[in-house]
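Look at the two complexes coming up: chain A is in both, with chain B in one and chain C in the other.
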Partner chain A sequence: MALRDLKHAKANNPGRWLSVRVRFLGLVFLALLLGVFGRAMQLQVRERQKLTSLAQDQYLRELEIPARRGDIVDRRGVPLAQSVEVDSVWVDPSLLPEPLPAARALAKELGIDTQDLLERLEKGKRFAWVKRQVTPLEVQKVKALDLPGVGFTREPKRFYPQRELAAQVLGLVGTEGKGLDGLELAFEDELSGEVATRSSVRDAKGRKLFTEGREEDLARHGASISLTLDRHLQYLAEKALTKAVEDARAAAGTAVVLDPRTGELLAIASAPRFNPNAPQGAPKDAFRDRAVTDAFEPGSTFKAFVVAAALDEGLVTPTTTFDCENGAWRIGRHTINDTHPHASLDVKHILQVSSNIGAAKIAQKLGREKLVDAYARFGFGERAGLGLPSEGRGVVPFPRADVALAAEAFGQGLTATAVQLAAGYGALANDGVLMRPWLVQKVTDADGVVLIEGHPQEVRRVVSPQAARTTVAMLESVVEKEGTAPRARLDEYRVSGKTGTAQKVDPVAKGYSDKRIASFIGMVPAEAPRLVILVVIDEPKTDVYGGLVAAPAFKEIATAALPYLAVKPSRELETPPSVARADAPKPAKADAAKPAPAPEPKAAELKPSAALAEAFARVDAISETPAEGSVRVPDLRGIGGREAISTLLGAALVPQVNGSGRVASQSPAPGSLVVEGSRVTLELASALPAHPR
Partner chain B sequence: MNEQRKPLAYDPILLGCVLALVCLGLVMVYSASAITAHEKLGDSFFFLKRQAIAAGLGFVAMAAAMKLGYRRVARLAWPFLLLALVLLVAVLIPGVGSAAGGARRWIRLPGVSLQPAEIAKIAWVVYLSYSLAKKREKMRTFSIGFLPHLGLAGILVLLCMAEPDFGSSVALLVMMFVLLFAAGAKLSWLVGSVLLGIPFAWTAIAHSPYRAKRLAAFWDPWADRKGSGYQVVESLMSIGSGGWTGLGLGDGRQKLFFLPEAHTDFIFAIIGEELGLLGVAVVVGLFGVIIWRGVRAALRSPEPFGTYLALGITALFAFQAIINMGVAMGLLPTKGLTLPFISYGGSSLITLMGAAGLLLSVSGSGEGAQRRVVKPARRVAPAPMPVTGGASEAPA
Partner chain C sequence: MSVLVESKRGVSFSVILLELLPAALLVMLFAGVGIVHVTSRVLVVKVGYELSRLDQENATLERDRDRLKLELATMKSPARLESLARAELGLDAPKPGAIVHLKK
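Let's look at the complex of A and B:
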């Protein structure tokens, strides 16, 4: 059939049969081509996921990049804790031809133990840390060894540009980048951000070619925290406290500066201090944020609360007189003594001379329930609620025995933290309203979204405004010549305060020892307190009285802090203006420029006047911002790299360092005005003449 | 021709498709080879430059073939085939032929390297077209129409296998079967010879470990991902990761030394990866149009030689394209066949563009011939006469 057709076709039209075959072949090819396309569809649409992930497996390497830990800054944005990137050295032990000499060489250059390193090398098959967070110089030394398998990774390291400043409040971060203590621990979740995985493309030879996406976009950076602390006040408090502790040869000390109108903690100082950038050598003792964690028997400072409560109840007036038993009052088997015997004293003088017997008698009049209730209302026996780790609570036991009631009246037999005590006095200074003490002003995430925002928070009205004001007024007599703390007296400001000298309980003997806790707490200016300043000296050796060892530190802090905050002097009218100006020209000038509305208790903002801030900035040698958000680049030429970095970070600039040694050149040039957070490139060189030390 | 209304001497669609593929090829050769070239030769443009020169020469060859006209080429069928045979023999002589990757396929001349197998394929198509057109009445005779071609093909295939070049051998045989089928050879002969050929092919595979491996790798490339299946697996991953629109030109990852021969035999994988299914559709579409226009040219040719030539060349393009893409997508075992007009390789590009010139020449003649039924046939007559007319006058 086919044959005949073919013959027939050939005979009639030789091209026709040919054309059929040609068409047929063309269609076969087109069909095959379509099959090829179908296969492409199958691969590129149906099996895409599988094949893509297989392909990625070989060219993508996932790297974990820790998010940049958020900064901690003070109330004006001065950085207190920052993250910087430093190198860490690691090794792929499988690539080391001879581990022993390599480990020896590495250990020598990095100052680590050879045996330790060898053990790590044996444990890690393909990865072992050699040393983490090394200096640029160490990096160079290791690079010079030219060992196979040794690599470097940038790791974030926590850096505290203000060194010891507020170190105990800030806490610490471990090598793994986790907060260990203080705010770093309390706000670990907020600060740490989210670890992102980054993909980097490698070729078939395993070389890293480029990174997909921008690193900045991928890592979810940690939130930054701004505190109510004021760097300058913190500095003043720490300086005065450290001096007082040293002068008294005391074991430790704390100082708290609080704004009574808002409850903002402006300074929380603890001594001894430590440098959080090199915490290894510091004694364990120094890490504790004493003002927050330690509850101690406060002593006589509590008398003010007893008096305020009694006034509030209408049980006493400032002139109500009590028999002070000539300095010795027997209650059962116990005798209560006064330092200086008095036959009788009115309420005001009980506070002025700090009579234990007088206070006990007022407490007796008040009664157990009301006393305990009053203490509770002042905030004692419950946590202040700063949110810091191991915050102390203090105990106010119910005084069943008469002697216990008497003791609690002068602050023994109960405990409180420094922050609680400052907050309690804050209630007196704030016309009887207790404000919740707070430390964290704002927590802002990387996108600028505010996660937590602190506000002044009224806890409760503790006593009537009259009772509070009367107590504060009576406490002014404490700093008079006849009082317990004439050393706390200020030239320009009226001071209202109270000393405390508590006996410490001997933990071994279970009785009171001869060790003391001396304290002074002041409210300034007395007519409308802007600050509550508490200084506590633990185990002073030279003198034991709060009026002698703690009051001077209070005076030092207050003298500097009040002008800094542009608080109007109390005694402008009492002293001739010319004298006042000669004494302290700066505050006077500032006040002339900006008349401070002193009696304005609800002016929540605590802003230093610009001129003063600048003046203090110069004193501190810490660059303050010339204008909102802009910084002047400091001159770093010739100084050491480490110092230059810390200076830059202190000035809210980001250092970018090349090389090692001293700063040979910097960009931008010294003195140029740049935006806060700008990069400053430092070229370091060790070629400069070495300075012999 | 000095007529005033001169119709186009070629099919513009066909020309457009060929040029489009050549241009796409230049871009993809650069994209696929830049990193390798930079790494190994220090010049990322190395392969692009050479391919561009080859494209220029190929364009000259194409223009020359069009100018010459396919009819004149008929006279060159024998010399051309003899030249191919000489080259195929020469390439086997050590010192003349140069070996690379276990095969002796190139004759390196100063500045150029020649791949005789590429020339042989065109020469073979030209010769077959000539021979079949001449013997058209005797095609159904076994001894005249079938056996001589089979014998000649045997010689060529043996020479190719000696290199060895399995892909070209298959291409030569497929061209023969296509043209014999079109020319009216008996199906029983074709099928019979294929069946007879199977033991030979089997021996060829069984005696060559690398071919056996390739076959195994084809059956299951994933079984030996890092070994014999490596190239195919890498190619599959390339194409698969392209998805609908690809990773973007130049953004392919597989050319980062993962996929060997990314710019030559496996350039289709890079197209799939960087341009996605869209790019694949364009390439497949262009080849589809070439097949359509090639067949159209074959059908419109006024004489059988043109028909066979057009069909043969079209089949060569189609076969190589299908095989190359099929290999890249794991449909066929690995062969050394280029993707026409796109793969890097001077010999291949120049000869294929020359062949395209011949195809274009046929496409032009067909249109003219069909439009003016009688007159142009006479005018054109002197040249094709010997071919269409009688066997005796064929140039020796």
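Let's look at the complex of A and C:
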């Protein structure tokens, strides 16, 4: 009945029925829209944060890009410490079907402990390190295992390409890339740079997809450090020192080479040495930078300071004579002895034969206050200020007792570091002016901005130029036949120096032991010193005297270092062998068949021969005009990249450019003679400071 | 019913087209914008992949450069050069007097 009524109503009033249907549908759609709107509100507003982070977790990746640790280079730009990215092996333990066989296989290939690895695999749910910083060969071996869940990631590793060279000065870097010792620790903030993060989208296959351009990342890299050390001089010093320590069967040794005019430390060597690329297994005391950290009783090398101070005060002259008590002088309950007894000696001979009694009497004349003051003025008892960790200060106690005053006059009862001692002699060599010893020449940001720059720094005038020169001149007698160090004498250069043989304190017995510290410190050439070279041998067993165990090492360093620095010889030898061969008259026919023996150089003072002068002229001519087909490399440092390229092309050379901006460095060096068409590598930096050309 | 048929016969085809034109243009505009947008997104993704590939290549090249620099420095270490010079070339350190100092 009702149905019939409805049909009847539809037929009678079709417009109204349509309106009902429309409204009904409208309501349905409105409800649906409201539902959609509500859901949208819930997803977009209420749960927005949660859902956004869920989504980002799936497709966004924050890549952590480790900063490249800055290089450490020597004064000529030769790298001493460099960082290179190497692979580290990790594993997702959840993907390993059988952890034990996998751990065994990995441990075998990587040379690690299986049990340790298993423990790490059990601890880590989705990530565990297998081995960090592995070699390319180890990477290949692990890849060959084809284990599921094993991955590789790149990490920067520190390398020291010169191996043991200056290892104690440079220090070490740990697996986490933090400096542990030496310069690596002292300049951690500058060297390390800043770790950069960069977001990247990952697609379904896990591939990286950058949606933003790559930012210039130079700024986050670590700064590089230029040292005052010279790689070649460092090598010479370490080689000679190692040989001297081995020959003397000594416990350890130290060598320091310093430029007295500027205070620059050119070499700091310590023995025993260690290879910082593989420090595991090296003895603990090999890591110590002895020249900087260890304060020791220096012995007779201190006599030169006593004499210089007394000369400066006008209390003595080189000819002032002192009663040397025939080698034994009693002060209270103590007796001061000389190795060789002398009735009396003048100041020059006190230094030459290293008389303890003579030095003690000069100190007595000088007085306690003036002696301590003189030592302080020479820089003892205060840190040299190199900025290295654990730098030693040394102690100069005030000598209340007479015997303490006497002992301090010959370098016992006080302590100093090797660097302080070298700097003190540097003051004598530099006409009485103490220069601050320094090690870091420059700290340069990755974009070429100089953050720290070292300069020669005058600390104070210690003694008058006259007193300093007189002392240096008197010390020349030490290397003469009658002196304590004839083994330090050089054929071509005048040497001024002093030996030291100090007794070592026994920390247990709290007295002096029978162990010694033998040393020699020399200034070369004596007429205008360019180098101060100190060699200290700790606990020598064969001989105990500085003139016997340390002086030969000094000679070895100086013989090679002075020609390397192009220091003109103090005296010229009779016939330089190479020149003599070129200009010698032809031998008689009868002698022609015999091989002519190379003439042995003689240590005699002679004026340059005509042949030598001719040789000078010839070499001059050669060096001024490059041979045909060769070209001299122009100095391009500091100029713009474009200009540098056109200059090189104009000089028939092929430019190879790295980076952008101005030329920061070039290889080969400016002025080198190279064959036409040679490649010249230019390292450009965007913000380069004005380079001195 | 007959009134409606008559009025429809009176509307020409061109009038209908004119009335539909704005809607058609709007649809075309939307389609055009959509195509441009999709194309640009595809390009961005393509360039993104290219960028990440080049980034990877750059990292590899930088790594190779660092390795080569390290190798060069290792090869030029004085201890190695000295042993090579002595063993293979028979060289020795110059004796005193063998070095000629040039006049300035």
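Some observations on this one:
Please note the rule applied: the second predicted complex is superposed on the first by the 499 of 693 C-alpha atoms of A that agree within 3 Å, B and C clash if a C-alpha of one lies under 4 Å from a C-alpha of the other, contacts with A are read in each partner's own complex, and residues count from 1 in each chain.
FYI, a contact is a pair of C-beta atoms (placed from the backbone, for glycine too) under 8 Å apart; a residue touches a chain by one contact, two chains touch by 3 or more.
In this text the structure is predicted, and so the values were computed from the model without any measurement.
Of the two partner chains placed around the shared chain by superposition, neither chain B nor chain C is touched by A:Lys108. Touch criterion met: A:His232 reaches chain C, while chain B stays clear of it. By the document's definition of touching, neither partner reaches A:His455: not chain B, not chain C. Of the two partner chains placed around the shared chain by superposition, chain C is the only one that A:Pro79 touches, whereas chain B remains out of contact. By the document's definition of touching, of the two partners only chain B reaches A:Leu33; chain C does not. On chain A, the patch touched by chain B and the patch touched by chain C overlap at residues 201, 209.
Interface of chain A with chain C (complex): residues 78-79, 82-85, 154, 159, 161-163, 165, 200-201, 207-211, 213-214, 231-232, 235, 239, 490-492, 559-560, 563, 566, 568-569, 572-579, 601, 603, 612, 615-616, 619-620, 623. Interface residues of chain C facing chain A in the complex, by the touch rule stated above, are 44-45, 48-49, 51-52, 55-56, 59, 62-63, 66-67, 69-70, 73-74, 76-79, 93-103. On the chain A side of its complex with chain B, the touching residues are 6, 10, 14-15, 17-19, 21-23, 25-26, 29-30, 32-33, 35-37, 39-41, 43-45, 47-48, 50-52, 54-56, 58-59, 201-205, 209.
Within the complex, the chain B residues that touch chain A are 35, 136, 178, 181-184, 236-244, 253-254, 256-258, 272, 276-277, 280-281, 284, 287-288, 291-292, 294-295, 298-299, 304, 307, 311, 314-315, 318-319, 321-322, 325-326, 329, 331.
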